[in-house]
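For reference, chains read A, B and C in written order, and residue numbers begin at 1 within each chain.
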Amino acid sequence: MQVAYTPAEIAAIVGAQRTAGSTTRKIGDIASLTAARAGDLSFLGNPKYKAQVAESQATALLLPLDHTGEPRADQVFLYVENPSVALARLCARIEQTLWPKPPAGIHPSSVVAPTAKIDPTAHIGPLCVIEEGVSVGAGSVLQASIYVGRDARIGEGCWVMPGCSIGSTCSLANRVRLQPGVVVGSDGFGYEFVQGRHAKIPQIGSVVIGDDVEIGANSTLDRARFSRTVVGEGTKIDNMVQIAHNVVIGKHCILCAQVGISGSTTLEDYVILGGQAGVGGHITLGKGTKVGGQTGIAYDTPPGSYLNGTPAISYMLERRLQVLHQRLPDLFKRVEALEKKPE
Amino acid sequence: MQVAYTPAEIAAIVGAQRTAGSTTRKIGDIASLTAARAGDLSFLGNPKYKAQVAESQATALLLPLDHTGEPRADQVFLYVENPSVALARLCARIEQTLWPKPPAGIHPSSVVAPTAKIDPTAHIGPLCVIEEGVSVGAGSVLQASIYVGRDARIGEGCWVMPGCSIGSTCSLANRVRLQPGVVVGSDGFGYEFVQGRHAKIPQIGSVVIGDDVEIGANSTLDRARFSRTVVGEGTKIDNMVQIAHNVVIGKHCILCAQVGISGSTTLEDYVILGGQAGVGGHITLGKGTKVGGQTGIAYDTPPGSYLNGTPAISYMLERRLQVLHQRLPDLFKRVEALEKKPE
Amino acid sequence: MQVAYTPAEIAAIVGAQRTAGSTTRKIGDIASLTAARAGDLSFLGNPKYKAQVAESQATALLLPLDHTGEPRADQVFLYVENPSVALARLCARIEQTLWPKPPAGIHPSSVVAPTAKIDPTAHIGPLCVIEEGVSVGAGSVLQASIYVGRDARIGEGCWVMPGCSIGSTCSLANRVRLQPGVVVGSDGFGYEFVQGRHAKIPQIGSVVIGDDVEIGANSTLDRARFSRTVVGEGTKIDNMVQIAHNVVIGKHCILCAQVGISGSTTLEDYVILGGQAGVGGHITLGKGTKVGGQTGIAYDTPPGSYLNGTPAISYMLERRLQVLHQRLPDLFKRVEALEKKPE
């Protein structure tokens, strides 16, 4: 991880409530309990791995307050309320060291239209294109090679990574984070079939992205036919997710990689979609709906649904049907036997 | 939508055959029948929503010629042959206002090889790279940050959005539209397994894209092993679609988002593939074949097929099997009961 | 293919052991046995097409040593050990003609940090951004519009195509080939759910890519939460493949297009994943595991497994269940008949 801390420094960063053991080593890397070697930090993030702590070669370990057991020689235990959260805090510190926020200002190689309003505390890295009427808020970072179309709006504290394209009139609220290659505001996929040809329906709406949204690499979000495609506050979207035109996604949803959502569909708050799931058009997934990977959904779901399979059915039923499905060879034999039974 | 029209202006733009009602308002946005508020335009695009017209708060409504019912106070009905087409016409007008065609010329920040032939009416935006021997036809627009490889050919009236990459020797015909991040002409995925290693088979063919094709954001089209990967005239491809090497796609097909087509497969004209469908290699989908979302096809299909499921079977059979599949618990019980029946 | 060779030149390039027949034509294109016309080269890559040789209009044909049959007038047979390998050798030659390696040096439009170490034999094309501490090895080519983050390392003989983004601290070994739009080192998708919100877990690890790896267009590889996401030597990855954080991929694997692999999963050597397959998190696919297209895998697999379906089961069982599944309507009828049978 290209940095090194003493266990005491780590204890201070993570706010450890107490420690046990001692070492003279510095910590230079992080690893899982089983993979860690001398000089590494490890952590017990999930109680089911508790037995691995005693065997771990890690020099320092983040452990829950109620953990029993003693450190070995040259090993330090750091007790914290939530080891995962503690590790995140440490990683955040390392992150700032590894890639510090770039300084304010506009790189001279970028092409910025005269009417664009760039806050003086924002950073516009090299080789960006910022069109007329764009606004970029305080402290936002556009790393490099980013396109921002006419009249688009980027709020405060956003971080946009290389190769993203933000279409005309689209907007990011505050603290939005786009991984490399995200496309916001491509045209929705709409055509009228007229005289044997697909005639394009203009797509003149926009995409509106709420506070604290994160979008994964190479994901695509289409602009609305008219009005807005929406991603609600706090929603997190993984890599290569496709959001069609006029989709409305609620707050604090989780969309795993390669999910696709068809046009005009609504996801209420706290929906979770597993990887490669596909959601049909013009439907509503109720609040807190959970959907397994590769599931295909074509109908509305009530709040709190837990679905799986294509077509999507309740997770418990799907699991039961899978078992019965695999017993089909047996069932066919049993029916054959019944048919052969003398009357 | 950042523009405003009087209902009379809209009637003129869409060619309304007659109007009813009146208002002094200007129209500043477009919305569905149920979402529309005062000041909005709405439309009846699908007869099944007819009952919503009477309740709509829209100030102006595009309605079919045979629509019965009267406008309310401060509301205008605009009667047209096809409200969807009429709306598209209006949106096209708005589109021109929102993002007018950029002026002819080459932005000085672009890197254009001396032997490239750029029509004087074409627009090459900022930070593009145009290699030796490329030609760009009359009126074509390359927005920004686009790569065009050696000897590639872009026809007339094309529109290429930011971040696209068009590989060496590939060609776009006329009026082709590429959304951001499209890759045309990546290497086909071909290897020979020799002595425990995958040895690359060079991919020296090209990609040939016909007139009026549109390709969605971040889609990828591989160049042929040799000869050509082809996309026929008028075909529309959604976001994140994968077209492998030597695929030949006919005219006026529709490929929804996240579809994948394996190498050397042929789609005849008017094929429609639902989102996330996967098509195997070296097969032919007959003219007008329709395929549901997430379907997996491994065999040739006769013209006019309508398929669903993995493995793909006829849509009607698939629907029936889905129903029976969900009745498996019942079937197992019934067989058990038969087995227990005394002889 | 924009080049032309005499059959004698081709025989020399591919190392033909003997020839039969003669022609005065030059060979200007390559095509399959059935598509080839006069002036084309064709080849018998798969014995099942042997009967097509006699009908082929190709002027020159690459054939296996044991092929029987005589060339027609104005036709040349070139006998080689492996026609596919021979064709690859010819195509490699053509490739060098079509897109020769660009000269060493850094294009003046690129933005290269002062502490970056670019080997003098490397080529940095136009409009690239190379951050502080990056190293690029001998003979590597960065074509155009590529972003390389701080302290990333690119080995010798790599070829990186336009629009790729290589994140901070990530590394490519030697002869790695990235197709356009690849993202290496996007953040892993990790959050803690705290007080109704998803709090980001910093992702401070890296991505390490081995020798001779090729990665397809618009694929994404997330950096590890900590430590490393790994792609082993000789592995080939197709377009739009998603590799989550902390995934470890062995040597000489094949990942077809649109595959997704969830976090912390391990693929041992020689694993093959069909297109659109999805692999769950925290599992291990044993050496040589083969997986059909669209398969969904949630559990460890023993070495040499051959799986299909969602949930994945053995390929042979899956095929059998598919047959029985389609006979469900019949089975329901048979059970009904049994139930109606008088006692």
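Please note the rule applied: a contact is a pair of C-beta atoms (placed from the backbone, for glycine too) under 8 Å apart; a residue touches a chain by one contact, two chains touch by 3 or more.
In this text the structure is predicted, and so the values were computed from the model without any measurement.
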Rotation angle, chain A onto chain B: superpose the C-alpha atoms of these two copies and give the value as a multiple of 5 degrees. 120
Same or different: do the copies chain B and chain C touch each other through matching residue numbers, with over half of them shared? different
Where chain B and chain C are represented by their mean Cα positions, the distance between them in whole Å: 26
The positions of chain C in contact with two or more other chains are 109, 127, 145, 163, 181, 218, 240, 258, 276, 294, 325, 331, 335, 338
Taking the touch rule as given, give the residues of chain A at its contact with chain B in the complex, in rising order. 109, 111, 127, 129, 145, 147, 149-151, 163, 165, 167-169, 181, 183, 186-187, 189, 191-192, 194, 196-205, 218, 220, 222, 225-227, 240, 242, 244, 258, 260, 262, 276, 278, 280, 294, 296, 310-311, 313, 317, 320-321, 324-325, 327, 331, 334-335, 338, 341-342
Chain A to chain C touching residues, read off their complex: 1-2, 29-32, 35, 84-85, 87-88, 91-92, 94-95, 98-99, 107, 109, 125-127, 143-145, 161-163, 179-181, 212, 214, 216-218, 234, 236, 238-240, 252, 254, 256-258, 275-276, 293-294, 322, 325-326, 328-329, 331-332, 335, 338-339, 343
